[in-house]
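Look for subunit A in each of the two complexes below; its partner is subunit B in the first and subunit C in the second.
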Partner chain A sequence: MDANELLIWARGPGFDIALTIFVVGMLLRLLEVLALGKKPDLSAPRGSGPEGAVRTLIARTLPRKTVFDKEPLRIINGYVLHIGFFIVLFLYGPHIAFFESFLGFGWPALPSGIVDAISAITILSLIAALVFRMNNNVMRFLSTPGDYIAWAVTLLPVLTGYLAYNHLLLPYTLMLALHLLSVELLLVVAPFTKLTHMFSFAMARWYQGYQAGRRGVES
Partner chain B sequence: MNDLTLGERLRQRGVSRRGFMKFCAATASMMALPPMMIPKVAAALEQAKKPSVIWLSFQECTACTESLTRSHAPSIEGLIFDHISLDYHHTLQAAAGHAAEHAREEAMKEHWGKYLVVVDGSIPMGANGAYSTVAGHSNVDTMHEVAEGAAAIIAVGTCAAYGGLPMADPNPTDAVSVEDLVTDKPIVNVPGCPPIPTVMTGVLAHFLTFGRLPELDHLKRPKVFYGQNIHDRCYRRPFYERGEFAETFDDEGARKGWCLYKLGCKGPTTYNACATAKWNEGTSWPVEAGHGCIGCSEPRFWDAGGFYQALSVPTSDVGSTILTAGAAGLAVGAAAAVLNKKTKGAAVANRETITIKDLSKES
Partner chain C sequence: MSAPSVEKGIQFIKGQIDAPVASFFSACVHCGLCAEACLFFTETGDPKYTPINKVEPMRRIWESEFTLFGKLKSMLGMGEKVDEATFAEWETLVYDGCTLCGRCSLVCPVGNDISGMIRKVREGFAAAGHAPEGLIGASTRAVEIGSPMGVKLPAVKAQIKHLQQDTGLDAPLDVKGAEYMVLLSSMEIMNFPEYLEAIARIMKQAGKTWTIASKAFEATNSGIQIGVSDIAKVLVSRIVDAAEELGVKTVISPECGHAFTAIRWDGANLIGRPYNFEVKHILEVLDEFVEQGLIKTEGKEDAKVTYHDPCQIARKGGVVKQPRNLLNKIANNFVEMEDGGEMNWCCGGGGGVSANERADEVKLTAFNKKKSQLQALGVDTLVTACANCRLTLEEGLEENEMDMPIVGLTEMLAEYLVEDKKEEA
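This part shows the complex of A and B:
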C-alpha cells in the first residue's frame, strides 16, 4: 500500500471507523456515569447548588495558589499544553476546513507560521509533562499504563502534524496519512482512557460544585 | 533525411546557433544540471541521431497526444519532437490499417533492442483484453510484443503510468498500468492528465543527450520534474501561510488570489512541475487560473474524494457518521446503564450481613 492509498483509507473508511468508536465509546462512558444517579437529598439546602457548580467550574480552571506555589512549573506547563493543543486544533486553516465541513460554519484561521510555532511549543510542553511525571516519585507511583498511552496518543497527532507541515523525516503525503491515522488512534483510544476528561471535566466539576454549593461549603 | 543529426536538422529548419544554445541552457537548467554541462548537452544533442519511437495508444482520451504535439510549436522543443522518428502512432500517422501495423513491425525489426516505446492509456485485462483492441490485437498482447524489443518505455500520462481514470473504482475493464504489466524493462512514468509538454521533451532530450533515462523517484517519475510538490512551489503559498483562504470561487478572497486549499486544492500532495513550468508556453496553470490542483499526476487521484473537498476533510459524510454513531451510542449507553442498575440491584438483594466477627483476622 503506497502513501496515496494510505491517505485515501485514512480520509475515508479509517476516519469513519475511528469517529464511530469515538462517539459510541464516549456516549457509553458518559451515560454510564450519568445513569449512576444520586439519591434524593432531603436536607434543607444551606446554599445554592448551581451557584456552587458554576463557581467550581471556574475555580478549577484557574490555578489554586497552594498547589501553584508548590509546583509552579508543572501548573504553567499544564496551561501551555492545553491552550497550545486547542490553538493548533481549532485555529489552523485546514483544521477549520474540517470542522466547517460538518458544522456548516467556519471561523478565521491563524497564520500557519504561528500555529507551527505553537505546535512546536505544545510538543515540548508534552515532553515536559512526561518529565514532570517521571521525576515525581508520587506521580510515577500513581501512574498507570493508561496515563502513558493517553500521553502518547495526544503527542502523536501534534508531532506528525508538525513533521508533515515542515516536510521532515518522510514525504508529505505519507506523513499526512500518518497524521490522520494518529488522530484516528486518538479518537479510538480517547473514550477508554482518562482522555474522557475532554467532556467529563464539566460534568464532574458541576456535580462536585453543586454538592458543595448546596451544603454551603467553599469549593 | 533520416540520417541527419539533430544539429543538422535544426540548422536546416533555420534555427540559429544562439537559439540552439539557449535551448540547451534552458534544458540543462530544467534538468537541474550544472552550467558546465550546457556545452555537453549541446554537443550531445548536436550529434544525436534520430531515435525510433513507437507510440502505443491504449485506453486513453488522446489528450496526452494533444498536449505533446502542441508543445510550444514551432519552438525548438517542437523540433526535438519532430526529430524523433515516430514510426508508429495511430492517431498521427498517415498510414492506416495493415500499412500502419506493417510500419510498426518494420520499425521493431529494424531497431530491435534500441527503439523507445511511448505508451499513453491504461491496459484493460478484463475479458481477455477485449475491451480495447487495435488491428485485432488486444492492448495487452501488443504491449508485451512491443515491450520485448524496447530499449526503454516511457509511460506518458496518468493512465499509462498508474492506471488513471479507466482504473477508477470500480475499474470495470480491470485496467492496469504499464509497470503492472512490464517488469523487465526500464520504465519512466511521466504522469499528468495530460502531462506537461516540456516535461516530455525534457525526458526525450535527456535520453538523446546521455543515452539513458533520467534519475527517477520511487514512483518512477523523473526527479527533476516531479521532485517538489505543487504547494511548495505555488505562488499562492504566502496566503496559505497567512491563513487567508478563498471560501468560494467568487468571493473576495478568490478575487484577491488567496489560497485555494479550502476549495479542494490537492497541491500539498501532488508532485509535478506545473507551478514552475506552467502551461501553454508558460502562460498559466490551473491554480493561476483560479482553480485548485486536482492532483492529476498522482496515483489514484480519481478515487481520492471530491475535487472540491479540502484535503483535511474526510471523504465520507462526517455529519451523518456522528448522527448514526450518536444514536448507537445513546442506545448502547442506555443498555449499559440498565445492565449496571440490574447488577447493582442484584448485589443489594443478595447482600449478606457481615459482622465484626467476620472481619477479624483469625477467621
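This part shows the complex of A and C:
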C-alpha cells in the first residue's frame, strides 16, 4: 500500500469505521450515564432547577478567582489548548470542506496562515499541558495511563496537520494520510478515555447546576 | 442492621451511584484544580487530599459495575479492586480529611459535585465498618439518647428554667398551633445558652408564637455526617413528627450548619415525602423579621467585626445575604473576609470532623487557613452562625494563642433590640 492508497483508505473506509466507533461509543457512554437515572428531589425548592442548570452550564466556563489566582498559567493554558484546538478543527478551510461533504453546508474559514500559527500555538500549549501534568504534584498524583493516552491522541492530529501543511518531515501525501489516521485514532479512542468530557461536562454542569438552582445557591 | 462487611460497603456505594455521579466521573479530566479549593490540601500540601481522589473507591466501583469498558477490564482481570485495604486506606481521607465544605464542587471546571460524592461514599464506608469511632459514638447517642452529645430533655428544661428566672422570658414547650418550632443543637444547650435567650427576646418583640418540641428539640443529625441514611432518617423523622403533631407553620433550624442541610434539603428525601411545614434557617427568619419591621434595633457595634460563613449555611444553604443585611444593621465596622460568602473557607471542623477525635491534628492544621485569614483582617470580633464552627474556631484560636471573642449572630442581634434597651434604661 503506497501513500496514495493509504490516503484513499483513510479518507474513505478508515474514516467511516472510526466515526462509527466514535458515535456508537460516545452514545453508549452517555446512555450508560443517563440510564442510571436520578431520584426526584422531594425537598421544597427555593429556586428553579433548570435556571440553575443553564447558569452553571455557562458560568462554569470561567474560573473562580480563588483558584485562578493560584494557578493562572495552568488555567490560561487550558483555554489556549481548547480554543486553539477548536479553531484549527472548525475554522480551517479544508476541514470545513470536509464537514460540508457530510453536512451539506459550510461556514467561513480563517486564512490558512492564521490557522497555521494557531496550530503551532496549540501544539505548544499541549506540550505545556504535559509539562504541567508531570511537574505539578497533584496532577502527577492523579494521572493515569489514560491521561497520557488522551494527551497523545489529541496532540497527534494537530501535529501531523501542522507538519503536512508546512510540508515538513515526510512527503505531503504520506503526512496527510497520517494526519487522517491520527484523527481516526482520536475518534476511536475518545469514547474510552477521559475525552468523554467533551460531552459529559455538559451533563455534570447541568446536574450540579440543577441542584444548586433548586436550592437557590451559587454554582 | 446486619454486620458491616466489605461486600456491604461495595453494595452501599453501588446504591449511591446515580446519573449525576456517573456524569461526574465521566467528565473528570484529572486537572487537579479541586485540590486548590480544599483546605486539607492547601494546608498540608499532600496530594492525597485532592478532593476527587477521596472518591476513588467509588470511581472504581462505578467503572467496573456501570461501564461496558470497565466490565471488560474486570473480566480480563485488569480492573482496580475495592477491598478491605481500600476501605482502610481511604477511611481517613473520606472522614478526617473532608468537612463536606463543598468548595471543590464550586471550582471544578467540568462541574463535578465532588463533595456531594464524598457524602455519598461515606454510606459505603459506614456499611463496611470503616467509620470513625467518634462519629459512631455520636450517632449511637443521637439514636438512643436523643442527642449526639447525650443531652436529654431535663437539660433543656433546666435551661428554660434559668431563662425564666434570669430574664422573665419564656421558652414554651409543646405549644400546639405555634407559628414557629425552634430547634436547638446540643452545643447550644450545653455551651451557648445565649442562643435560647436571644430567640426568646426576638420572638417576644416580633410578636410571634413559638415553641420547642420536647420530643424533638435536637436539630443536629449525626447520620448525615457519618453517612448512614437509616440513622439520618430516624433523626429527621423525630422532627417531622413533632412539627406535624404540633401543627407548626415553620421549623427553624438553629445556628448549626449540617443541621440545616439535614432538615432543609435531605430530610424530605430521607422520609420519602415532602413536609407539611416550611423549614428556614434562623438567619432567614431574622432577616424577614427585620425586613417586615417586626423587630427593631438600636445602636451599633463599634468593634471591627467579620463574619465566618458556615459552609452548609452559605455555600450549600444559600443563606448569604441575610447575615450581611443583619450585620450591617448592628455593626459600624463590618469587614468581609477574603473569599467571604459562597466561597468562604471552612473552619476545618465541619462534616463530622470535630466529632472525630482521630482528626484533631489535621483539623488544627486545616485551621491555619482561617488563622491566616483572620490575621490578615485584624478584626476584634468574629461573628458566625454555627455552634460547631464556633467551637472549632474557639479551639483553633486558643491553640494558636489568638485572643478574639466569637459570637453567634442571633445573640448579637438580640443585644441590639430596641425593646431591650428600653427595659435596661
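As a convention for this text, the second predicted complex is superposed on the first by the 219 of 219 C-alpha atoms of A that agree within 3 Å, B and C clash if a C-alpha of one lies under 4 Å from a C-alpha of the other, contacts with A are read in each partner's own complex, and residues count from 1 in each chain.
What we mean here is this: a residue touches a chain if its C-beta (ideal position, glycine included) is under 8 Å from a C-beta of that chain, and two chains touch if they have at least 3 such contacts.
Nothing here was measured: the structure is a model prediction, and the numbers come from that model.
Trainee: Go through the superposed model and pick first if A:R64 touches only subunit B, second if only subunit C, both, or neither.
Mentor: In the superposition, A:R64 touches subunit C alone.
Trainee: Quick one: is A:L28 in contact with subunit B, with subunit C, with both, or with neither? Answer first, second, both or neither.
Mentor: both
Trainee: Scan A:P145 for contacts with subunit B and subunit C and give back first, second, both or neither.
Mentor: Once the two structures are laid over each other on A, A:P145 reaches no partner at all.
Trainee: Under the stated touch criterion, which partner chain does A:S112 make contact with: subunit B (first), subunit C (second), both, or neither?
Mentor: First partner only, subunit B.
Trainee: Mind working out whether A:G209 is in touch with subunit B, subunit C, both or neither, as first, second, both or neither?
Mentor: After superposing on A, A:G209 lies in contact with subunit C but is clear of subunit B.
Trainee: When the two structures are laid over each other on chain A, which of subunit B and subunit C touches more residues of subunit A?
Mentor: When the residues of subunit A touched by each partner are counted, C comes out ahead.
Trainee: Of the residues on subunit A, which ones does subunit B touch that subunit C also touches?
Mentor: 28, 32, 34-36
Trainee: Spell out the part of subunit A that touches subunit B in their complex, as residue ranges.
Mentor: 2, 4-5, 7-8, 11-13, 15-16, 19-20, 22-28, 30-32, 34-36, 93-95, 97-98, 100-102, 106, 108-113, 167, 172-173, 176
Trainee: Applying the document's contact rule, which stretches of subunit B touch subunit A when the two form their complex?
Mentor: 219, 229, 231-232, 240-243, 245, 247, 259, 261-262, 268-269, 298-301, 303-305, 309-319, 321-322, 324-326, 328-330, 332-334, 336-337, 340-341
Trainee: Could you please specify the touching residues of subunit C with respect to subunit A in the complex?
Mentor: Residues 17-24, 26-33, 35-37, 41, 45, 47-48, 50, 52-53, 66-69, 103, 105-113, 116, 264-269, 272-275, 278-279, 315-318, 320, 339, 341-343.
Trainee: Which part of subunit A faces subunit C closely enough to touch in the complex?
Mentor: Contacts found on subunit A: 28-29, 32-39, 41-44, 46, 56-57, 60, 63-64, 66-67, 70-71, 74-75, 78, 136-144, 147, 192, 194, 196-197, 200-201, 203-209, 211, 215-219.
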